[in-house]
Amino acid sequence: MSNERPALAELGLGAGKQARLHRILFDHGAGNGTAMFLPYDQGLEHGPRDFFANPAASSPRYVIDLALEGGFNGVVLQIGLAEKFYWEYAGEIPLVLKLNGKTEIPSDASALSPLNATVEEAVRLGADAVGYTLYVGTPAQEADFEQYRKVRADAARLGMPLIVWAYPRGSAIEAKGGKDSFYAVDYAARTASELGADVVKLNFPHPEKNLEVPGAYTGDFTSQQAIDAVVRSANRSLVLISGGSKAGDDAMLEKARESMEAGATGLIFGRNVWQREHDESLRFASALRTILEKHPSQSRAR
Amino acid sequence: MSNERPALAELGLGAGKQARLHRILFDHGAGNGTAMFLPYDQGLEHGPRDFFANPAASSPRYVIDLALEGGFNGVVLQIGLAEKFYWEYAGEIPLVLKLNGKTEIPSDASALSPLNATVEEAVRLGADAVGYTLYVGTPAQEADFEQYRKVRADAARLGMPLIVWAYPRGSAIEAKGGKDSFYAVDYAARTASELGADVVKLNFPHPEKNLEVPGAYTGDFTSQQAIDAVVRSANRSLVLISGGSKAGDDAMLEKARESMEAGATGLIFGRNVWQREHDESLRFASALRTILEKHPSQSRAR
Amino acid sequence: MSNERPALAELGLGAGKQARLHRILFDHGAGNGTAMFLPYDQGLEHGPRDFFANPAASSPRYVIDLALEGGFNGVVLQIGLAEKFYWEYAGEIPLVLKLNGKTEIPSDASALSPLNATVEEAVRLGADAVGYTLYVGTPAQEADFEQYRKVRADAARLGMPLIVWAYPRGSAIEAKGGKDSFYAVDYAARTASELGADVVKLNFPHPEKNLEVPGAYTGDFTSQQAIDAVVRSANRSLVLISGGSKAGDDAMLEKARESMEAGATGLIFGRNVWQREHDESLRFASALRTILEKHPSQSRAR
Amino acid sequence: MSNERPALAELGLGAGKQARLHRILFDHGAGNGTAMFLPYDQGLEHGPRDFFANPAASSPRYVIDLALEGGFNGVVLQIGLAEKFYWEYAGEIPLVLKLNGKTEIPSDASALSPLNATVEEAVRLGADAVGYTLYVGTPAQEADFEQYRKVRADAARLGMPLIVWAYPRGSAIEAKGGKDSFYAVDYAARTASELGADVVKLNFPHPEKNLEVPGAYTGDFTSQQAIDAVVRSANRSLVLISGGSKAGDDAMLEKARESMEAGATGLIFGRNVWQREHDESLRFASALRTILEKHPSQSRAR
Amino acid sequence: MSNERPALAELGLGAGKQARLHRILFDHGAGNGTAMFLPYDQGLEHGPRDFFANPAASSPRYVIDLALEGGFNGVVLQIGLAEKFYWEYAGEIPLVLKLNGKTEIPSDASALSPLNATVEEAVRLGADAVGYTLYVGTPAQEADFEQYRKVRADAARLGMPLIVWAYPRGSAIEAKGGKDSFYAVDYAARTASELGADVVKLNFPHPEKNLEVPGAYTGDFTSQQAIDAVVRSANRSLVLISGGSKAGDDAMLEKARESMEAGATGLIFGRNVWQREHDESLRFASALRTILEKHPSQSRAR
């Protein structure tokens, strides 16, 4: 069962969040209410090793230019790159300021992504959304929720759309089937929605990874059934599906199609885009946009 | 002598102000770096008498629709109308939130326009600029500058472009040649610039009104010479020329042409637009846009 | 009697004020502990009429370039011009941010110069000093002292040198011999010193204007005697002598010589410099610097 | 592949950061956009044992005098020495106030460098930059990033350049190849850049230390290739290469040459300078400056 | 090598710290720039067991009277005794308010001395200095430095001299040669100096305790060489040598002589004084003062 895609005006957002999401969804990319984001915080999350496949991608200018040429709806940056590079592109492409982030060096067993910037700084930079990584299920859940709550309240006060990277993570979820299971992703979707995400970024669920997951998730689900359920769990939090590490094109495009079919609003593919050679990146971005063009939604209420 | 029109990136603005101005100047209206705003705060400033010429204009929806249909770069509202009406149009047309305003009922001898909303409220509403009326030369200058300073600092902190309605007003300027003289308008332009306006809204100067003005302004200036000087006095504060009360079309369009020739960035015409019948309003707006199309400027530095 | 010129290290300043004054006094201009500032806030204080004598001077870039070419120790700007123009010259020439200022349109009878910027903004802009106009003797003295006190405390907290424009002004001093008398200027010097100015900007005293002044000032003083006394009244507040409105060169240079002879630290000449044609401005600046070169002072304690 | 060295004006810094960096980079040392800093916080970090090689270096006055004589671009001090000693040299040589620091006595397994001073104190002292040690990859990452974020925000608010000592440290990086590997240093460079360092201080990378590092870093890299990549990872954060503990002169100078060739902005050598006898220190500083003189960069945008 | 003893005015202190230290150093005790303090916080640090040797010393009045009779330069109290007893002696003898302190009951492995009073309370009580125990090298270093930083900033803001009890303590220093080694005391002296102590209280170093200390400290040092180095490490932080637990008189007086010879400013002997019978205490105090009289220093700069 695929899900209804609500109009932007029907999400209970205030004018500011709506204005900013309208710009992202209708003034850029396919311009039809869908979105395709280019995330570029892997230099922090994984380190520069992610740039070895295409050294040009080490340059923020190269990547922002790619987002412009490739018709993306926005680019995702940490505060440092946003301050040093976005001024040259201010207003040309929406900025999503990622507010937290960490290196992969210490253990992820009690993962928590510390805050590196504030919603007010995002406003000052002219960003159209902020991003926050919530490590769903982490043993550090209390500190994570506490930190998140303040970000959510600031985003509400300043009319700034809040995109939650809802990532199952930590020793506890590893003991319950791992971070990619249908169970884990579905739970992450719902958690973000329950806690007030305007948009939620999710990994594609793997219903076949069902060892040690709760009984309800041990059934024989197709990936379409799984993604349908996940988007339903997110309800009025718009869903973005993450590309993750670089994979085969056909598999990626099929995941993208199933996600949009399920009612997702869009895609957020980074390494799958900029770890290729320049023109190859644009060809792949174009293939993604072709999919988005088939799934328009409305801005105003019907 | 006409003035050079600087690129948006060369004005010393931070990324946020630049992003918001870029949206106004390049994503709406003529899209060439010029702007045509539809101001709609006369219901407070003059009272509903301004709507008697075209009663339909009493409706904020009518006027915002007009701004959309007429291809304006933004609509200017006080907080009440912004809260009640902008959510239906959020993101479709830029909002300029006018932060201060007053009725015309008490005397203007010591004019001061009190604050009715904050920059933070403008951010929350998704506005792309804020407006502030500075009554240049008012005997209440100390209170006005003090109030303005806080607005300017908030606008800087939140990356919000600040449009200053620089209006000579009060008993002192009346005793020195009146509020429309070349002297008064030129001084107002410079005052806004010295005090940090990103954009300054000015009335067209009248060099022929030169009784009681300082000696330098008693010469025989053409209106083109006067507007050239005024735009020069504003230097890196972008200039918008105000329409003022409704006047003959040819005179208005000639003022518009001379202003753009002088290096102004655009026009802010309200009553001259919406005090007409609907289609007539659109025809006039179209004539204005035709002028703007001839005066493009750049976004990025050259 | 001429006065001893103290070393910078002997003024009881903290490290920050000392570091910033050292840069102004020893890294720019004559580099010998003297200073020659180019003030450029007349566009606000008097309006653009001051630029009619040399229209090029309406451009802040022209004037800052002049300060660089003319070997000035700093340029004085209001917040608006500082934000829009100083970034292009950041670090090349010291910035003095003038914190208060007003138009000349309303009456000066109870003069008060409202605050347009803060010491913290001066720090953020990289300024090396701040300026504050104290209208000595104004009937609005209470509000003026109160406003000044906060600026002084902020300047102390942030190690920012505070230059006080100590200007006798208002109806009361007009009734006691006028703002230019030896009495008025001497009292202004002492007031700034008593209230904590690090540097005080003064007009040259006119001992011959001695009608209605207190008895002590009715004697037959030479201008050298008067300026000697004024500098002595300022004691450890370094003295800058103001040029005022444009006057004959010989008279101006003679005033400059007498001031330096009296122990002043330097000069702050604006209209006398930039109301001339470009090369003529540089020639005059060079004549001023020749005088300064004869009056070195030390940085370190003896 | 060596990297382009951007002009100071092209880094997206505000006026204050630019003014202060301009002073450091163009008014001191080689004066050509490069920098050579003399760090002097080892008395805290390692204890007085570092002074046994040259007991004179125990005296802050000796070391600051050495920085002046040796033509360094700045001296790095903790708050205590800055307060007790910098006033004698205020303005003569730029001060970098190191804001955090710790003794080496407790274990470094979960290293965190506590804050000993604030950005506001640096402003009050007249410092031209602040320093912060970020222990990249430490298990105490959350507390470190949190503490750093506030310093970064204060530095932005006050226009103070932020130099990040980006040091891989702690048990996790020890388990992944150690703190000096190409992987560790490259990741540290990128982390500082993603988190908004204006300048990043790095140790020279050791590509040959490639046991247990991620696959991408196990290749056969020359030291030039490694330092090239590291400077590229830092993109618009200017790079300073650290001297570390005293080593052979030829090796040190070769590292310096390779660093500058790779696009670094300068060097920060402490023990290699002041652990020598006085004249020998000056000879070594002179050799470093000769290298810097060959790698000029611009201040204004091209 | 003995060290130069700087004049009070050459330490970079502000007027308030200087005025209060001047009272302590020149209006009390030997009155020649030296100091001899009577510390009396052992009732908290060790408990009343310290009073069993001389039960009269259990009474704060007895001890303060002893300080007066013995010609001490000040008495050191915790907040409780200060509030209940100092009012009777206010102004007769300088008060040093010890701001932190703890019982010896819990383990010292991760020692941290909690704050029991504030600098503002010290001002309110009329104290002439405050004391803070910094446990150098404690595993709780981060919390200790953080707590200390606020005390230091308050002391700066209020012009209150800050005496740091710089005590190596905790499991880490125990594993590196123990808290009394030359290495530990030397590092503690330097740490206090780097972190802004105005005065540092140190134990006499034991160069013979050199097992497990860093290589530089394993040499064959006399106690005079060690104390010379320690005072040098403290540079412009005035040094007070602590008596520690009661020991033989000749040994104590020899330590005192060597300390003053090394450039220390004075002594802080508690149990060695008041654990004796009354007249014996006075005789010992007199012997100490005789030593201090031979080591005068200046107040004003030379």
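Per-chain residue numbering starts at 1, and chain names A, B, C, D and E are given in the order in which the chains are listed.
Assume a residue touches a chain if its C-beta (ideal position, glycine included) is under 8 Å from a C-beta of that chain, and two chains touch if they have at least 3 such contacts.
As the structure is a prediction and not an experimental result, all values here were calculated from the model.
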Touching subunit B and subunit D alike are A, C
Comparing each chain's Cα average against the average over all protein Cα atoms, the nearest is chain D
Whole-Å distance, C-alpha centre of subunit B to that of subunit C, is 35
Per the C-alpha means, the centres of subunit B and subunit E lie apart by a whole-Å value of 68
For subunit A, residue numbers touching 2 or more other chains are 83, 86-88
Touching subunit D in the complex, subunit E uses residues 11-12, 136-139, 141-142, 145-146, 149, 152-153, 156, 168, 170, 172-173, 176, 183, 186-187, 189-197, 214-217, 229, 232-233, 235-237
Residue positions on subunit C within touch of subunit D in the complex are 9, 14-23, 26-27, 82-83, 86-88, 90-92, 95, 120, 123-126, 157-159, 299-300
Interface with subunit E, subunit D side, in the complex: residues 41, 43-44, 47-49, 51-52, 55, 58-60, 78-81, 83-88, 101-103, 105-107, 112, 114-118, 121, 143
